[in-house]
Amino acid sequence: MSSEIKKVEGITKESTQEMIDKALEVYPEKAKKKRAPHLAPNDGVSACVKSNRKTVPGVMSARGCAYAGAKGVVWGPIRDMVHVSHGPVGCGWYSWGTRRNLMTGINGVNQFAMQFTSDFQEKDIVYGGDKKLKQLLVEAHELFPLAKGISVLSECPVGLIGDDINSVAKQSAKELDLPIIPCNCEGFRGVSQSLGHHISNDTIRDHIIGTREFAEPETPYDIALIGDYNIGGDVWSVKPLLEEIGLNVKAVWTGDGELEKIAATHKVKLNIIHCYRSMNYMCRVMEEKYGIPWLEFNFFGPTKIRESLRAIAGRFDDRIKENVERVIAKYDPLMQAVIDEYRPRLEGKKVMLYVGGLRPRHTVNAYADLGMVVVGSGYEFAHGDDYERTSVEMPEATVIYDDASEYELEEFVNTLRPDLVGSGIKEKYLFQKMGVPFRQMHSWDYSGPYHAYNGFPIFARDVDMAVNSPTWKLVKSPF
Amino acid sequence: MSSEIKKVEGITKESTQEMIDKALEVYPEKAKKKRAPHLAPNDGVSACVKSNRKTVPGVMSARGCAYAGAKGVVWGPIRDMVHVSHGPVGCGWYSWGTRRNLMTGINGVNQFAMQFTSDFQEKDIVYGGDKKLKQLLVEAHELFPLAKGISVLSECPVGLIGDDINSVAKQSAKELDLPIIPCNCEGFRGVSQSLGHHISNDTIRDHIIGTREFAEPETPYDIALIGDYNIGGDVWSVKPLLEEIGLNVKAVWTGDGELEKIAATHKVKLNIIHCYRSMNYMCRVMEEKYGIPWLEFNFFGPTKIRESLRAIAGRFDDRIKENVERVIAKYDPLMQAVIDEYRPRLEGKKVMLYVGGLRPRHTVNAYADLGMVVVGSGYEFAHGDDYERTSVEMPEATVIYDDASEYELEEFVNTLRPDLVGSGIKEKYLFQKMGVPFRQMHSWDYSGPYHAYNGFPIFARDVDMAVNSPTWKLVKSPF
Amino acid sequence: MSADAAVKYVTEIPEDEVKRVAEWINTEEYKEKNFARQALVINPPHACQPLGAELAAHGFEGTLPFVHGSQGCASYYRSTLNRHFREPAPAVSDSMTEDGAVFGGQNNLHEALENAYTMYKPKMMAIFTSCMPEIIGDDLTAFIKNAKNKECVPADFPLPFANTPSFNGSHIHGYDAMLLSILQTLTEGKQVEGRCTGKLNLIPGFDANTGNYREYKRILKEFGIPYTLLADISETFDSPLDGTYRTYPGGTSLDEAADSVNGKATLTLGPYATAKTFTWIKDNFSGKHVSLPIPFGVVKTDALLLKLSELFGKPVPESLKAERGRAVDAITDAHQYIHGKKFALYGDPDYLMGYVSFLLEVGARPYHILCSKGTKKVEKELQALLDSSQDGKDGKIYINKDLWHMRSLLMTDPVDAMIGDTHGKFAARDANIPLFRFGFPNFDRVNLHRYPLVGYQGVINMMTTICNKFIEVRDETCEERYFEMMR
Amino acid sequence: MSADAAVKYVTEIPEDEVKRVAEWINTEEYKEKNFARQALVINPPHACQPLGAELAAHGFEGTLPFVHGSQGCASYYRSTLNRHFREPAPAVSDSMTEDGAVFGGQNNLHEALENAYTMYKPKMMAIFTSCMPEIIGDDLTAFIKNAKNKECVPADFPLPFANTPSFNGSHIHGYDAMLLSILQTLTEGKQVEGRCTGKLNLIPGFDANTGNYREYKRILKEFGIPYTLLADISETFDSPLDGTYRTYPGGTSLDEAADSVNGKATLTLGPYATAKTFTWIKDNFSGKHVSLPIPFGVVKTDALLLKLSELFGKPVPESLKAERGRAVDAITDAHQYIHGKKFALYGDPDYLMGYVSFLLEVGARPYHILCSKGTKKVEKELQALLDSSQDGKDGKIYINKDLWHMRSLLMTDPVDAMIGDTHGKFAARDANIPLFRFGFPNFDRVNLHRYPLVGYQGVINMMTTICNKFIEVRDETCEERYFEMMR
């Protein structure tokens, strides 16, 4: 399906550009000039929009910050570490339990999905927080003896007042004989979450990778699953599938992840990566430094799962290839049953997406499996390489938006009148007020998993539930 | 304590009579004449009021009917029988689960606290219900194969349309090889629940007693516990206590009761009876027919429990007597602790009671154990012998009322301003509206047990909760 | 059993046997046996007529419900209402006993009327019958005429009376009969040619949710429509606790009720519970006559507001439009927690219609729908509702079945939750599903009758209760790894 | 960690060790270690100042909350409000980045003001700060003056601004600071000698229950007291779903807010959340100034009504007297289900006072009382409340402790239930007790913010929720033989 460019009736390059122009009308000249390159009709071949630029001030962007990228995406999901939000209370509080990266273990014992903070007060700003940090690391180690390590995630003030968390971490690590990872992910750094991912990747590179090895013997089938954060249990759907085709998933980055296994990932034979945006850096590092090849894949919807399984099998011997064909043959009818149930209710429905760094392209074909067409897509914090990968998935001339403002999204939805919008919590209720069905596509809207074969039936059910809920018939009042 | 007559400050024979006279003023002459003999100051020696008479029409009596006495009191608590409310749907529905006679077993399997009814329709009235009865007995046996028997409890229409449930029961019992007990307890019979008890006792006499024997050898310590209906688990407090003093409780009438054990009760050595009103008939029958002695006892509050245990021990050998003393010595300090906790909060508080056939006298001393004084008491359906037993328990000159009308109770409460009223669900909210603390003393107000040593701490807690709840301070509005 | 047979010993049922039967009663085989029942009724959720009659009587100012029959009956009705509302329910009976079977109940009736009138100073006594007089054939018309002649009560004292045989229909029919008689009695001779009160007569039908009555009144107040509620139990059964007991704390004014015959329109919202009353009203009341289903859910509430707007020529107030929007918002926000969930339902016909309507509009699936006292008409109307939605296609209707049948349904073909009343709690426990006590009676939860189910507020209440319980079950039963901050 | 050390292998923690630690964290020993913490804060239930500032801003007509600082902050505040209310929460930021550290945030502020003003057409933008500008020391007064000079917005466009450093206080202090600035800005020069609006200025304080706002308005309407709510979020965060998205669906009218300076009386019901605002009002607003605790429970509601009556010379309306009686009725009917039950409580000071007051008057026992951001004054006032009742004698207050401390308390000294917000769910699960989500935020139940906790209706709501949950737990956990029809 992704081999030929799709078309959508009524959508042309001109109609899309007209819609974009109309959305831009509201901006003051300077802002318009800044925003214009971020919006374009899909050309089907390249990154047609500018990206990874500073957000235009005041436009109501959905973006988060580097800290959010570090805590919420990369570090937070590692289950056996204490992750300290270093600075004032808020950042850790807002990111506490709000990203649905599920974890195995017992909370507070060997799993730490909690809010650890140094809770900076005025005096910490004035006198610096290093001493407090040193003390709290001792306390954390004492109260959580099974934590395999501690990450220290800097919030804005830390970088601004000139604290040196790196040296505190180094010293404490030695004193406590425990990995303590300083991560300079202050929220003001960069233009979005994206830099937080990159900084965190670099921190893993500098402090973690290569510090452990797997105790059991290596095999040719050892892989690592990169860029799956176990939202709503995705990893628990993906990992068994990879095992079913005969691979050994030695480490998961970082959903339900374990520090030491991550630290030993340089010993695997292949890295397969789902969320390219947040972790391509480390794949490249491991490729360069350890010669580990890596492969992008897509486990949304049976078509892409099938393609991806075969691509993965392509990196292995016949045993794996045969396993893959057997697995596809096993699941295809189950997936067809899901399609048979929902496709008649969803055929031809239009979807607009606006999410983070992966799903705006990865899910396009999952909707297509259900007969739906994505008529607009964009990212909060993608880069050019993301948009390159997007253009080939999206139908011709559909609108692509980067770091869209709420105003733009509203305009596009008003024009395109999609049957479903898939975006985040900040957008959800806005579009529902407009009477437009909506699913949160960062958090699976408290459902999931959506990845792999176990996820697709849930994805299909949820999409149907949103689009076809009878409540939408009640929106228009008879009086 | 019951050996000397207590006095209550401010209550004299004259003051009580004045209160009664005032309450009677409202009645038309004929009704006044009927009601007057049912109200009197306690004379401390005899049944000072008339009782067990027809209720005066229209006065708002709290009484139930013979069916209620049969279903709710005697039969309903037998756990391993199907009790069919034979007639229209209502009677069984109203008495379904509303009396808190708790049961062991699995509902619908070997325990049948359900609503079984023949649900008479117009045609059953016209053509008679015997055929339907015959059929439903077959169905009940088929659907509930572990039921040890079936009782057929007649509602008003059955007796009026001339059905012959006795012959249906007899025939079906033979055909199904199952005890089927017809009970002619139509609600219009007699003047209250009381006749229902009597009829049911007679039915047990005619159909059940003597039809089984215990498989295990007899002992000198075999007794039956009579007149405990396991309200809120009372039996589960009393039975272990009796066992603790070395007695074998072979049968319980009828709380959590079992048909076959009841049928074998003629083999016990002593019947001890708590609710005299509802079951003295069968005690007398067993005494006459099988020579089994019987003994009244009172397990409310430590004073009466102590007295009663010793009285029971008096019927047995030294082993039991020693056990009793040991048990008393064990529980007395525990009970004293309860008293120490609550008595300071309850000392001198006044109570008015209006309940069924036992508690208006049996609980008087339990309140006294807590420092409280009962200033008025009466029964819905007592007889002269109940009032005789009451007069010695109640303080001098306090008001005694039989089959009180709601009007009378309201007047007495208005005059006496008790700190607690203990009565039934029909009275509860009336007195609460007046701002008077209240406990349901038929159902233990969904609490319990109140019997024996396990019950007293709960009784004390509940009384304190009612009397001293801070919510009463909110009744009077500041505006 | 005869005592001279060979000795039978007390036996115990072996545990294995208990276990076998416990499993057996959950099977398809058992279900079939259970549904084959012809005579035995087990756990029917409906009561008998007089209970409903008493409820209707409580809805009128200064009115003392009066049971002509056995006194035990009156105690049963009263305690049922006490337990449900946790409120007083004063009512008298004339305490007929055995001699009534021989001589009839006239003497009891007369004596009771005089006593009750004198003691409880009612403005009206609403007389209804339990089994005994129905079977012996007491002639109430004559008895009451004689009572007035004998001056048991003043000649102009209203004494409506209804025959409410327990062996026919259920509590809703008793409600209907009593309401009819009260209206007949009060309005007799009150119709004035050309007079129009300008008011709406609103008839809720048998409804034991005081919040619903308050909600109707609030809606009408928002509209600015003057009304007479026939009959208004909201103050009777939700009266203040302020240190004073009032025998008659509420009820529809008798004068207003009398004048209702000259109303601008009469609207019943409990068509099944007021069928006879409404038929009579159509022939006898001035103004328009409209029957609508109980307004559970957005659509049925819309219908009510549209009808009110039409009848009184007033636009739907902005405040109610906003409320509608908020209700739609509330169910949209929560729809994912109920979508596709299967429900077992039982109750009176009017409420059942309401449940089905509400569930279908929020995307749930009414699945086992049981009416223990229903008719072909009920079945047909329920089926039409089911047919109106994709989510209704698997729903099956069971008329004149009971909660033991329901148990078989729940165990052999499971659902996610049940809506009914307290009596379903045993079946719900066995099936391990939540039971929502929207119906009557509620003996085991507090204050629920204060929360309206009707109108847009009712939509929010039902949705909130149901969805939060589903979330709670998930929170309480999920593995640790699925226990999450957000839901 | 250095890569050239001897090879370290991946290890697994032995199950026994996990079990040991799992048990250890429930011990008294652990509790002591836990309470000895000096630096590490774990699971604190309070957020930072700007969140509160945003809530205050949403309470005014056409007002766009404006975060001066990093854009990620704005996203965090917005999504918190989205999740709690399940409603939109439009707000902008000026997206300061690294260069702000060097050059300050003026350029961002100006550009953002112009863009937001043009795009979202607000009537006011309420500016508040997150960490970055607070640390680099941006001079907001000057920046805003310059913005107007540069015509980023019209000269008369209201631009209140508040310093809301996250390293100081909590969300309630940000609320206070923003509200203060908004009132200062709007009322500037609006005080008119001799003028009296005749209105009450009612200040709820930080309160994320829209039902509470509606309840205040209803009470004042019943009284016939004209009012200005400062600030009214009830329509902002409980707006209709009708197919139209409105950026500004509600909020207090700016003109009314400006005129509030000439009010007849100003009443704060959130003294801890409006301390600075109220101090300023006392010096600057006409009329009387009264501070009362949030009206949770009968007694505190009585106090509110008495004060309203006194301030406006109007008697308490009969309708509210009747409501009071019904609330007392509801708690009396249900008191036996809560009497003597021990509660753990945590939350903002105003709410905490309310919980304690309510619980004491229904006979429950406030036991562990934790305020994660409190003062000596909070402690003293809480203690005085506890001292007022026998049921408060065992209550212990924990100031500036967190939910990991609370967990230790729950495990070593158990209670029957906890009142707080969603964040307590992990501790509540470990302690196997119900958690009542009366506080902010609620991320895992639907529609709770629509049910008022204040006033007599709030009394009924809290009592009903708590008691029915206790009954439910009993029904769900009791042995079969104790499973009963009635409760």
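To keep things simple, chains are lettered A, B, C and D as they appear, and every chain counts its residues starting from 1.
What we mean here is this: a contact is a pair of C-beta atoms (placed from the backbone, for glycine too) under 8 Å apart; a residue touches a chain by one contact, two chains touch by 3 or more.
To keep track of the chains, here are their UniProt names: A, B = Nitrogenase protein alpha chain; C, D = Nitrogenase molybdenum-iron protein beta chain.
Model, not experiment: these values are computed from the prediction.
Q: Could you see whether B-D or B-C has the larger number of C-beta contact pairs?
A: B-C
Q: Starting from the mean Cα coordinates of subunit A and subunit B, work out the distance between those two points in Å.
A: 68
Q: Report, in whole Å, the distance between the mean C-alpha point of subunit B and the mean C-alpha point of subunit D.
A: About 53 Å, centre to centre.
Q: Roughly how many whole angstrom separate the Cα centroids of subunit A and subunit D?
A: Using C-alpha averages as centres, the distance is 31 Å.
Q: Among the residues of subunit A, pick out those that touch two or more other chains and give their numbers.
A: 96-98, 106-107, 429, 432-433, 475, 477 - these are the residues of subunit A that touch more than one other chain.
Q: For subunit C, what residues touch not just one other chain but two or more?
A: 83, 86-87, 239, 241-242, 321, 324-325, 328-329, 332-333, 423, 426, 443, 484-487
Q: Looking at which chains touch which, would you call it a line, ring, star, complete or other?
A: Graph shape, chains as nodes and touching pairs as edges: none of the named types, so other.
Q: Which of the chains touch, listed as pairs?
A: Going through each pair of chains, those in contact are A-C, A-D, B-C, B-D, C-D.
Q: Given the complex with subunit D, which residues does subunit C contribute to the contact?
A: 83, 86-87, 238-242, 321-326, 328-330, 332-334, 337, 422-423, 425-426, 429, 443-448, 450-451, 460, 463-464, 467-468, 471-472, 475, 483-487
Q: Quick one: in the complex, what on subunit C touches subunit B?
A: Those in contact with subunit B are residues 1-3, 5, 7-11, 13, 17-18, 21-22, 25, 30, 33-34, 37-44, 46-48, 50-51, 66, 69-73, 75-80, 82-83, 86-98, 100-101, 108-109, 111-120, 130-132, 135-136, 165-168, 170, 239, 241-246, 404, 407, 423, 426, 430, 443.
Q: Hey, which residues of subunit A end up touching subunit D in the complex?
A: Spelled out, the residues of subunit A in touch with subunit D are 26-28, 30-31, 54-68, 84, 87-91, 93-98, 106-110, 114-122, 124-125, 132-133, 135-136, 139-140, 142-143, 145-146, 155-157, 159-161, 173, 179, 187-191, 193, 207-208, 210-215, 258, 260-261, 263-264, 405-407, 410, 424-426, 428-435, 475-477.
Q: Would you pull the subunit D residues touching subunit B in the complex into a rising list?
A: Residues of subunit D touching subunit B: 298-299, 302, 305-306, 309, 315-316, 321, 324-325, 328-329, 331-333, 335-336, 339-340, 360-363, 389, 391, 480-487.
Q: Touching subunit D in the complex: which residues of subunit B?
A: 96-98, 100, 102-107, 233, 429, 432-433, 443, 445-447, 461-462, 465-466, 469-475, 477-479
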